[in-house]
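Two complexes come next, and they have one chain in common, chain A, joined by chain B in the first and chain C in the second.
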Partner chain A sequence: MNKLATIDLDRRQVTVEEIAPDLRRRFLGGRGINTHLLFHAVDEHTDPLGPGNVLLFGTGLLTGLPWVGASRSSFSAKSPETGHLGDSAGGGHFGAEVRFAGFDHLVLRNRAAEPVYLWVHDGQIELRDARHLEALTLTDTQDAIKHELGDTRVQVAAIGPAGRRCVRWACIMHTMADAWGRTGMGAVMGSKNVWAIAARGGATLPVADPAALAKVTRTHYEQITRSKGFLATSSYGTLVRLNNTRTQGYEGGFNHQRNMTELPGELDADVFLDRYEIAKTACFNCPTHCRHVHEVTLRDGTRRRGGGPEYGGAGGWGSQCGAADWRTILEAWDYCNDMGLDVLSATAYTAWLMELYEKGVIGEADTGGLSLRWGDHDAIMGVLRQTVERRGIGALIAEGWMHAARAIGRGAERFFDHVKGLSIECDDVRGHRAQVLGLATSSRGACHLRSRYTLEEFALPSSVTEALIGVPIPSDAASYHNKEHATVWTENVCALADALGACKFLSKWLSTGLLGVDEFRDAVEAATGMRFTTEELVRVGDRIYNMERLFLVRQGMSRKDDAPPAKFYEPWTHGPRAGTRVEREPFEALLDRYYALRGWDGDGIPTPEALRALGLEREGALVASARGPGRC
Partner chain B sequence: MLRLTVRKFQCTGCRFCESVCAAGHAPAFSLGAARLRISQETITEPTFAVNVCRQCTVCLPLAACPTGALTREARTGVLRLDPARCPAGCRLCAEACHLGAFHDGGHGLILCDLCGGDPECVRVCYTEALLLSEYQLPARGPARPAREPSPR
Partner chain C sequence: MARDYTPKHAKVGAVGPVALRCKACTARFEATHPAATAVCPGCGEAWRIRWFTPDSGMIIAPLDWTDYQARARSRATGGSGQ
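And then the complex of A and B:
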């Protein structure tokens, strides 16, 4: 317990150390401690795919403990897709099992000479030959490793062919559809020649007050399962958003050219449940069981089974690429999961190429012979296959969209919707001001899981939001008033949840009836004995966010990078809120207020006072010496 | 009398039951202390095996136990495994049980004790894959009425 293992892959050496209590108190675990380690392990010159990068794995402070939804864990590294902060959280049972195997954090350094997988068990870490896994898909890789180790309760996180070939937006997968998806963590793992991490163990995790934790768990379980949101999330999972975005006019269609596609009704969560879903599965300790399992007959007549899909894939290939056809969506989804491609990037890249094709920026000479017509099954599958095989247009986008845009030229980069190099999710939130601000300021680039103020979509009375956030937030999504408070609150609470290993799907990020910081505080105190006030816990999230900001500042980023995608300044074309767009002036004023609230200067650089209050002055000084005076 | 009923096709594999069972049976938390185990044969198979004692009316391990460590409580009908009388490495009960109810708890075998009739695992199983149901043990003696004498 409380162990950090550093694995030098080059020398095949493992060193284990205790995690200092001070580090725990300041950053808790998971994304928090990962961010601290990453900041000090790499610098602005580190090559993301070189041996100098590190791959960090961190379990949350509560991951694996008998508390509701204690499943999440994070992989972090310098991102090969965006070139800056890389970090991705995932669920399933892997994080818990790593803890049962006796470790909280893993640090992978250098590069193994031959492909290996790590066998983490009962306080030991072995490097085992992985060459025999070369021809296998991701699910087969996991089953092969479980079979080899002779235990069905082994949990595996692995990369697929995409990660092994260092496609810059490859993900790390676990089970059929649990992914550490964004920012190309699979490519970093592939660059280290590590093809999987398998974990199993029977470690005893200390609980400070078992009776209190049992009581807290029971209360939180009741709170979650009786909340209004629970029925929706446990039946539809993230697909609940598919119907909302389609009917309310923010679905993001044809690479964000339209906000309502008016595609046929097939693209509906209920149609999926009726025709394709065969079961539900759950992450560790979670009553919500939001993961679908589907069976589908593909176009070539073969029948296959897969996990998911989530909204990002259904909306991404559905409205964004125009494929209102579950069979195409599921085939593309399963292919990505088998090969280890990040679905959100895959959909964004495909939609981008389709728009370039529509506008005549690229032709069949560029695409390896593919006609990239909207909604075309062969076009979608062709782009994905070419990427994994690194040929045709796939050879370009496998190196990331920035590389592809440079190679294509002709202004191709203008059509890619991103923040800080990371593609935005398929939904189009330009009419939701706190969400736009969150996209713009999000620390790993555009992200709905660390900065989306989801509650904005429910038009909550400002009395409700005042009780939650401390400041009344207007119920009108299109208002700019006070939205900086909503975004800062969301960013801090999301960072806190990622550090605890708590799932945002069970938290007030999604619905006011679910778990909030008060509940997190009770669980932390019962489980670990660490006493925090609610404010102190939110400050941990604040500290993590500022640490990530320092990472970005060291990379040369500032206000110029806190901008929503260019298309958001154009009006919505369809639906009840047609005409809505991001107005430059009020948005810049909102950004100013956000910086002021965070204690950052007008250029988005954290001030020495703000850093001192969070105990980050040492990191601030490091960044200042790297970037020159006036930069922290 | 009470017993657990398992509806394995309802199980989502969250293992919350294992967690709360382990937490309730030992002061320090280790999943090894759980009296029930959930497992999955392959990644693509969404059906989970739930291995737990169901207080079977006909209990083969009860007959197989050579030391009398395994007994059935007369009042509640609950099967009890007395660790003091259970010799290490015997495992005859585990071999006799076709439900895989006996687990290695680190310091010998462990068995579900129904938590005094209010099991926490049932409480946290939202999909009701685990249920508590009532049953009657048959009275001692022949199960069916004595056969009529043959007319021949």
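And then the complex of A and C:
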């Protein structure tokens, strides 16, 4: 246990070392240790798809332990989609199985001469020939590996055809619909000629105080299952957000041109549950079972079963691309999962192309003959197929939106909504000030799982948020007052959860009745014997976020990159809060207050004092030497 | 109706009015289990309610999406939304 394995794919060598106690204490695991390793393994010149990039896999400190929802793990690398920090967390059973097989972190270096998959089992790592997997979809790839290894309990994280062809927003998948989705980690894996990682192990993870952990787990289980957040997600999963955004006017429609569409009532979570859902599944040790399993008859009459969908796909192809029928949504969702395309990027790219088509920026000569009309089934599927096959307009967007915009010209880049190069998601949060700030400052680019202050949508009384965050946050979502505290709190808690391997759906990120930092502290102490105060644990999250910020600063990023998409400065046109927009002056003042709270200067650069307080002086000095005086 | 995944122990709860927040006007109002629908007294919007437990209800959607969207459009263009 507590092992980090470095796999040199070029030399086919595996080196195993202990994770130093100091590194554990400062970064815990998962995204935390990954961020530290990534910062030191690459630099601002590293080509994301070159052999110099590394692909890191990290399990959370608590992943695989008998604690509620201890399932999460992270892949990290320099992103081929954005060119800077790449990192994606996922659930399922893979992270736990890697720990049972004897490893906490894997570091993949260089590039294998021929396609391989890694077989991680019982303290060993083997490189196995993967050439026979070339024609297979993701679910077939996983089944083939399990069959080959003679054990259906093997857990597999794999890339599909999109990752093997290095589509820059390809993801890594596990089971039918568990994804490490964002920032193109599947493309990095494909560039290394690693097509899958299979894991199986029988080890028992050591627990410092089993009786205490059992008691803590029981308490947390009861706390979770009595909360309204749990009740909602265990019924609807993330689809609860589909109806919320549609009714409250932050739906994000037609590539964020509208905040409320007039799509039919078919686009409703209850319609999906009633007509298409056949079961629910859960990640390792999770009581929620938020994952849907669906069955759908496609247009060609074939019947298929798939995992999901999540809100990102339903709202993305629904509101954003205008497809208000579940068959189209589910077919597109399943195709992405089969091929290994990141659904959030897929919906954003498709909606972007549809707006370009609507505005006459592109025509059928550019799209390989596709008529990209809103909501059109053939248009959506055509874009996805062209991307995986790297032909037509798909060949352009497979290289990322920046490449595609340059190739298209005619101001195409103005219609792509992003932060730091990563597409924003389907919901339109311009009326939620802490969420806009979090979107702008998010360390991997636009991301709801890093910095979305979800509680802002519930109009909670200030007394509740003061008890939670230490500062009263106005219940009015449109207020800018004190929202910097909400965003910093969210960013630190999310970083902490990712380092622990805890699911955010079981945390106060989603609902005040769920687990907070105090509960995380109790679980860490019972499981590992490591003692932290609540403040010290929050500081770990702070440290991770600052380390990620240093990564961005080294890439040349600063205040100019902490900006919401241009469309957010335009007013909402529909719904209960029509007229709401991001106002430039108060937003910039909010950003100033956020920087001050973080201990960053006015340009968003961490100050030496702030870095010293977090023990990041060495990294600050490295960035200063790379970027010049005044940069840390 | 959608399947009910509520754990047995979570189904125990006092039956009485619970507070809901209208998704159109954000005003709070009360509804009582097992009413499947509720109308906001402030703005008049009618909502479909899902009861996870007798004391834990949630607004899921408007009773009629088309009407709701038409009223939203009317409000945005200066109308009363009626």
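Worth pointing out:
Here is the rule we go by: the second predicted complex is superposed on the first by the 632 of 632 C-alpha atoms of A that agree within 3 Å, B and C clash if a C-alpha of one lies under 4 Å from a C-alpha of the other, contacts with A are read in each partner's own complex, and residues count from 1 in each chain.
Rule of thumb we're sticking to: a residue touches a chain if its C-beta (ideal position, glycine included) is under 8 Å from a C-beta of that chain, and two chains touch if they have at least 3 such contacts.
Nothing here was measured: the structure is a model prediction, and the numbers come from that model.
In the superposed model, A:280 makes contact with both chain B and chain C. Contact with chain C, but none with chain B, is seen for A:269 once the two complexes are overlaid on the shared chain. Legend: residue contacts after superposition of the two complexes on their common chain; A:66 is shown touching chain B, with no touch to chain C.
Look at A:225: by the touch rule set out above, it reaches both chain B and chain C. Once the two complexes are overlaid on chain A, the chain A residues touched by chain B in the first and by chain C in the second are 225, 234, 280, 287, 289.
Across the interface of their complex, chain A is touched by residues 1-7, 9-10, 21, 23-26, 48, 50, 52-53, 56, 58-62, 64-66, 68-70, 72-73, 75-76 of chain C. Listing the residues of chain B that touch chain A in their complex gives 12-16, 19-20, 22-24, 27-32, 37, 39-44, 46-47, 106, 120, 123-124, 126-127. Those residues of chain A whose C-beta lies close enough to touch chain B in the complex are 65-66, 68, 93, 100, 139, 142-143, 152-153, 175-176, 202-207, 210, 213-214, 217-218, 221, 225, 234, 278-287, 289, 291, 293, 305.
Listing the residues of chain A that touch chain C in their complex gives 225-226, 228, 231-232, 234-235, 243-244, 246-249, 260-262, 264-265, 268-270, 273-274, 277, 280, 287, 289, 458-459, 573-576, 578.
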